[in-house]
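Several structures are given next for inspection.
Both complexes below contain chain A, partnered by chain B and then by chain C.
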Partner chain A sequence: MTEALAPIGTVLTRSDASAKVQGCEKYAADYYPQGMLWAGVKRSAYAHAKILRIETSKAVEVTGVAAVLTSGDIRGSNRVGVPEMDQPVLADDKVRCKGDPVVLVLAENKKALELALEKIEIDYEVLPAVFDPREALKPDAPLLYEQRPGKNLLLSGTLERGNGAASLKDCKFVVEGRFKLPWQEHAYLETEAGVAGINSEGILEITASTQTPFRDRNELSHALGLPADKIRVTAPYLGGAFGGKDGITVQGLLGLGAMHSGDRPVKMWTSREESFLSSTKRHPAELHYRLGCTQDGILLAMTCEVVLDTGAYAALGGAVLAMVLEHAAGVYRIPNVFIEGFCVYTNNSVASAFRGFGAPQGLAGIEQMIDLLADEAGIDALKFRLKNAVNRGDTTGSGVLMSNSTGIISCLKKVQRHPLWINRQDWVNNAPAFKKRGVGTAAGMQGTGYGPVILDIANAKTELLPDGRFRIYSGVADMGQGNNPTNIHIAGEILNQAPKDFELLQPDTGSCLPSGSSSASRTTFSFGNALIGACKNLKERILTRACNLMMGAYFENLLLARGKVLDMTSGREISLQAIASSMTEQERISIFSYIAPAAKHPESVNSEIRFLGFPHRIFSFACHLALVEIDELSGEIEVCDYLACTDAGRILNPQIYEQQIHGGIVQGMGYVLWEDFRIHNGDVLCRNLATYILPTAVDIPDLQSLAVETEETGPFGMKGVGEIGINLPYPAISNAVAQALGRRIYEGPLTAERVLKCLNSNPTGGKSED
Partner chain B sequence: MKISFRLNEKMIEIETAPDRRVIDLLREDLGITGTKEGCGSGECGACTVLIDGVSKLSCLMLAAQLEGRSITTIEGLVQDGKLHPVQKAFVSHGAVQCGFCSPGMVMSAVDLLQRNPLPGRQEIRRAVSGNLCRCTGYQKIIDAIQSAAKELD
Partner chain C sequence: MKNVFLPNSIEEFRQIWSAVPDAVLMAGGTDLLVSLREGKTKVKNIISLERISELRHIDCSGGEILIGSLVTHQQILDAPIIAEALPVLRQAASLLGSPAVRHMGTIGGNICTASPAADLLPALYLLDARLELHTERTKRTVPITDFIIGPRQTSLSEGEFLYRIRVPIPVPNTRAYYFKVGQRKALAITIASMAALLRLDTDMTVLEGRFSWGSVGPTVLRFPETEKILQNQKLSEPLLKEIGEKSARLTEPISDIQASADYRRMLVSNFPLRLLQAEKYTGSNGKK
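So, the complex of A and B:
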């Protein structure tokens, strides 16, 4: 064998990197079909208003304008969204937030488009609006949906275990905390983009930057009134997504445009400002905790109230609430618990999926509480965590049975043995003049997949090509995390072929099979398992056919090698090309369906929360350690060292694994330190990357990553690694900052302004609450 | 107006509006889409190109400014079918995830290494601090640039 294969567990450079780094990979934003029109949207100027009249005649007259469309031009339900279809493609009776799309314009060029958009007149009857989720729950609050029985409450959940709140009085130490967590904007570099057209067979073809091509097709069918088989969605590599493209962004507008463009293709690509205005965000959250333990630091009781602002439409808000509740008690055994959560409609921007999907909010709360309580009990923060952390077989405070691999204790111990932890006090004591130093930890987990009710199914398809090479039909989009190259890695291992022997077809509803979303740390877990099944079947078929073709060969003596099958007893070989040419197309294609394991144990949460994903069965775990230095004069926080110890099961490719850990951590650092997405009375105040501050290369230190490789049921023993990294920078850094300042800042992000305020209000650095 | 300039070593003459943004000229008129747009207002670096060898943001430049200049885009870095050492290092060090920032990031790195052949890690971090990456956390990008510097030296 001349070319080295790349065994699972070793670094295989990503097969997508070369094209990307040469600028020749085509993203949805890079398509400019011949004869295309630009699509653009007139968005609502009000947070809540009735649409009385839309005057489009002046816009239609603009030279270069091809069509001006309103909700009246939509044949279908005009509603998208999962699980609730409540979001209009174009607003009809009313608008519920600033940024709601009202009129779609198609034009020859961007100048005509802009001019036409300006000339559209919309008469509104402004309605009272509500911007605070607690206000929205009051009986006299303005209603976003007049007919909803639950009024502005999208979903609530209650979870009670043991004696609940009553047990707080049996605790020796009790602490209380109220946390306010900010919005976070995904800020993927490729804003929402896509192209659409009707092909010669009358099929609406959409190429979009999407995490959910198959789900999009179903929603579009419903919203636009086209049968699903008349719609084809393809998903090229995404320029980032992080949950922000988990569902329809521009696809509905593109589809509508293509249906009214006079057979011309249509392109839409949002500007950064429009993206910030119209895209979903991470839910801002308010968390109110009480946590108590015994004299020895054994956790006994917890109460927690969570309020999430989900904005104007449901999107995945309910499922995010379920995740917050599930992660709100962290990785600890707490026998007596009362957790209550509310996910509430307001006239703000829509909040939905964002990497971590509610876990970062829950863990930001509980992990700061743990530090407060450990402090109160006079026990070191890591020892305290070790005393209370779950082993396999234990149940967490939220009532989640740890039935599968559970490596949190190993993660905690690894951090405990690390020099950064051992030498922390010396480091803190050596702070230079006008600087304060602190060290903080946090621990947590991340549930994988869709939970106990909604089946997590992936369908892989793979083909032995006539030339003896292989093709993988991917059912899950690659938003940058590298599941495409990983699929080649996996298939290469099973079929014993080199990466070059594969081609990979990106998700295309016309030829690939539905496999769920690229999300929930399940993309490689579920699709990879399906792919292993498909490759194993194909391998068996190839070897069996080799037996047919090589008279006298026995299955057990045959080896599938690169490009050929080898009879180990006689040394005879037959090429894969020869085998392929003896097969029908049907024989060359192998399909396998995989269903991920789901939790079966009963728990004490209401059925709506269970339906939306509570509880999970498989979890990744991590413990993070942050060393921070605060400038007393500027209030700026510098993260000097950062360590993550992660249990995401076995590692398939150390390079891709580290990419996910690094990327998650830095996005989490942005969340806690700089990313202050401001929305005031429904007005998005951050309109560009100058006011919404993302971490840059100079803001972060080199990160250290350690792994605990427990064995799990994902491909080759892996678990999901896409989200766990983002869950802990918030609490780890907050804990470090609290130590440095001698008091805690309860509202994030921890901007220099907030730090200064904290320093100035208490210059001697005593202990008190904000 | 008619402008002429050198694009990736080739002379080009094109009829365009003088206030056409260079990024639109490249992507829409000339059909080379390697140069990305992430903000359109000079804040992300995704649109970085080299003008007479110096890195510039193509979303802030107008077509008329190209007259008589030489512009190198990401498509122009490959020589004789071989990746530029910076590109090669990005691939081998895992500096690419979604890849949308990569062309701009590579151009900034090429510019840096021309000015400073052996930069330290902090110098590299500073040099690419105008290029946002939402995926990688930057560490592998810094690793890649450092290794390319050694290779080029």
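So, the complex of A and C:
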């Protein structure tokens, strides 16, 4: 039976689908090694406290307990984190937020584990704590790190262009807005999980649900005091991550456990409640904007102040701040700008990477400001955007040069020509009794990769197997978005083989090559380009060897076909198996390194912000349209129709592309409408999925996705599509709701309660307060 | 370790219960199992009643619908007799939880858990449901209003269990509705709810009007004095507004993670207007 090849640009059924649907794909949480112990931690009951004494004797006595470990059992630095290594594997001198791990217990079963955890006594000296980032910046605020020169300020950055704030006075129209954006929890299906053990060669082997297997190995080496070559990390398919597994979760605890388990493997898997308590979140943000334009609606000046709460540890907070600053002026030419941002430590839960990585916060601000200003100037919101949006060669308000493919104007025009937009006023006018309708748009972009300083490198490895099939050694984890199937799709296209002719080895620091994280919309862009290079080299090697083996054949007359090489002039052929058997192992393996392009234009920001990723060079773009209906009796918002027009370059697989757009939009709708992760005085109030409200299928309308396919330098012309979808539901829906209500709600999410209170409050005050 | 007993008949259940009188009865487990996971409830023995077929019937007799206490929400959704005689109960069941919860959870569990936010209770209050309570020796029938005495508190005495729910079939030409607001459209705990029953003359004069309110007090609430305002009046927006506002003043909602007390009162004020919508614009609600 012949198997159809699936050319790039057509739907290729995901190679991971069958095993996942049947439930036989093994995620990290599914590993139960022979003779394993359960690992679990005693977590801090206080948001900020000095540890005076830890009494573990009663826990040790519990039947079935194998080890009770504290920071004293750690040989290394006991610190993880990138780039700032400030987070202990187990708290030593003090705890800085509720949920900080203090004591690790290994036990035969969960019952003994639970009992032992209850019997651990910790004496604390409770310290004053700080939960508000602005309070934390005051000179008398309690300090999380007494020795830090910057005190509670993790990082700040300033961007000034043109005449900065001074130009606001030259504007005909100026609007002001203060926005408050909530925490967001990743809420992946698979909570933090993994297993670890020391193998017969003394190597610590960890299988974990992680986006960053290679970086984890380096951090663990530092924290646990083991040479990196004594650590091996493998990353099977993840049951979701969205940035929440961009770095160490349980890996440090697993490694420590395995080093003290008497040579038995250990397993840790957090419950949903523990995951909510201990995992990272999206940074809550406060944004204060002023935005002004000329009589004709040409943007002239902007000021923006951003305050991010990064919680008790830095994690990726600095890099998120850099992204907020970069996206805070959106996709517009604004000549005079002053942007200033602060990322601040508090005793709240840790905030770090989350799909969009700061872009959703920046765009939630600027895109609502654009609507406010367009309204003030009396210009249609979409026309206003079109007047000011960047073309290739322009510089954004944040000072980012659009040097590569820039499809935002095409996206805006696609929305403008769509029947949902053209017929919007009729639709609004036909609202039934007790309903109000509104239509909103938002536009924006998403930077790809790590920025100008930290090189975005991927190293691909492929092998022609002795049986004539191929193996891909993946350096990047697949957390569900489908980069493994896409890698097979890409390799199949270059080598002209069917998907079944490939096996794919998931990231394993023992046999694959470091290729950076699965994040930043760069996974397929960077690893895919490396893979193309590796496959092209291998193809050339195969054809060259075929010339050697088929005497009288010429390279240019040979065709690499499925399972064989064909000489088109003579009709002779030779099997790939025969070619493979003539090669040494070294010859059968091909390696290729790829470095993604980075922005080279002059510095316009402080060096720390630049180091952490500002500015990017390659961007995906989108314009979204939301049609909402508000119930005046309850305040409930229904999104009736939703359209996304996206420029993420060329499409490799329309199905995976659409899945990313849809998934991003749904998560973005959750962010603006329902997902209110509440933390009060350091206490996590949303303890489970009954109180943290994720959208269900019936809360989401049919989503329409249209593509603008510009040509970029990713594989076959693509750009990253994993994040752009989440960036715009917040402002698009907020703008639609503001139109329906005739006033704006400045604090998210837009719960039914906030909407009804806004409807019921006295409308004469102008701005709604919430 | 917990012991879970699964009796197949009432007889077997009585024997087990007399042997382990401290056992907790489980009628679906959609509340109990959550409570056990959270460590709020500590139990040693559980008797699950799900295999007792006698408790899983829906019957019609003497102008009443008789619903066994272990009838699941899904059974209520599926039973033609409920759709015909008690559509408001069916509507309430359709807004409860998710398919998984509706297949596990039961009407008896919903009643005995006695949560003010329970979705079936406003309809049962509205319809003047009565409960058959059995012990080994005694049987009594009490109005649901007397059975639920506070949040998660019932007047079940020792050795007594809920056998069956008796719901009088409303007289012809009455219509009843259930409206609920949760944090999302499905799988949502009720923030506030209203069940309402109207009997209207052809000229929209109200012959009878009843209202019950969920999740705005320690139990589901009814305000008979307020209901009287409707009597012999023409159904109108001002009248329904008055009912809503008067009722809102009588409710005693709490603030919790789902919503504030203020918001719950606002919902009570507005809920009756939904009737106008439903009565006037049935079927042309502007939905896509």
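Keep this in mind: the second predicted complex is superposed on the first by the 759 of 770 C-alpha atoms of A that agree within 3 Å, B and C clash if a C-alpha of one lies under 4 Å from a C-alpha of the other, contacts with A are read in each partner's own complex, and residues count from 1 in each chain.
Keep in mind that, in the parts below, a residue touches a chain if its C-beta (ideal position, glycine included) is under 8 Å from a C-beta of that chain, and two chains touch if they have at least 3 such contacts.
Computed from a prediction, not measured in an experiment: that's the story for all the values here.
Peer 1: With both complexes overlaid on chain A, does A:Leu238 touch chain B (first), chain C (second), both or neither?
Peer 2: first
Peer 1: Considering only the touch criterion stated at the top, classify A:Glu190 as touching first (chain B), second (chain C), both, or neither.
Peer 2: first
Peer 1: When the two structures are overlaid on chain A, which partner does A:Gly663 contact: first (chain B), second (chain C), both, or neither?
Peer 2: In the superposition, A:Gly663 contacts chain B only.
Peer 1: Examine A:Leu756 and indicate which partner it touches, taking first as chain B and second as chain C; both and neither are also allowed.
Peer 2: After superposition on chain A, A:Leu756 lies in contact with chain C alone.
Peer 1: According to the stated criteria, A:Asp100 is in contact with first (chain B), second (chain C), both, or neither; which is it?
Peer 2: Neither: A:Asp100 stays clear of chain B and chain C.
Peer 1: Does the superposition put A:Leu685 against chain B (first), chain C (second), both, or neither?
Peer 2: second
Peer 1: Figure out whether A:Thr696 sits in contact with chain B (first) or chain C (second), or with both, or with neither.
Peer 2: Touch status of A:Thr696: both partners.
Peer 1: Now for A:Pro432: first (chain B), second (chain C), both, or neither, which partner does it touch?
Peer 2: It touches chain C, and chain B stays clear.
Peer 1: Between chain B (first) and chain C (second), which, if any, makes contact with A:Asp567: first, second, both or neither?
Peer 2: neither
Peer 1: Intersection of chain A residues contacting chain B with those contacting chain C?
Peer 2: 690, 695-698
Peer 1: Going by the contact rule set out above, which residues of chain A touch chain B in the complex?
Peer 2: 11, 13-14, 16-18, 20-27, 29-30, 32, 186-191, 237-242, 271-272, 479-482, 655-656, 658-659, 662-667, 688-690, 694-698, 700, 702-703
Peer 1: Help me check something: in the complex, which residues belonging to chain B touch chain A?
Peer 2: Residues 27-28, 31-41, 43-44, 46, 73-75, 77-78, 83, 87, 90-92, 94-103, 106, 121-122, 124-126, 128-142 of chain B touch chain A in their complex.
Peer 1: Mind listing the chain C positions that touch chain A in their complex?
Peer 2: 34, 98, 181, 183-189, 257-260, 262-263, 266-267, 270-271, 273-274, 277, 280-281, 284-286, 288
Peer 1: Under the definition above, what is the set of chain A residues touching chain C in their complex?
Peer 2: Residues 430-435, 632-634, 636, 640, 674, 678, 685-686, 690-691, 693, 695-699, 751-753, 756-757, 760.
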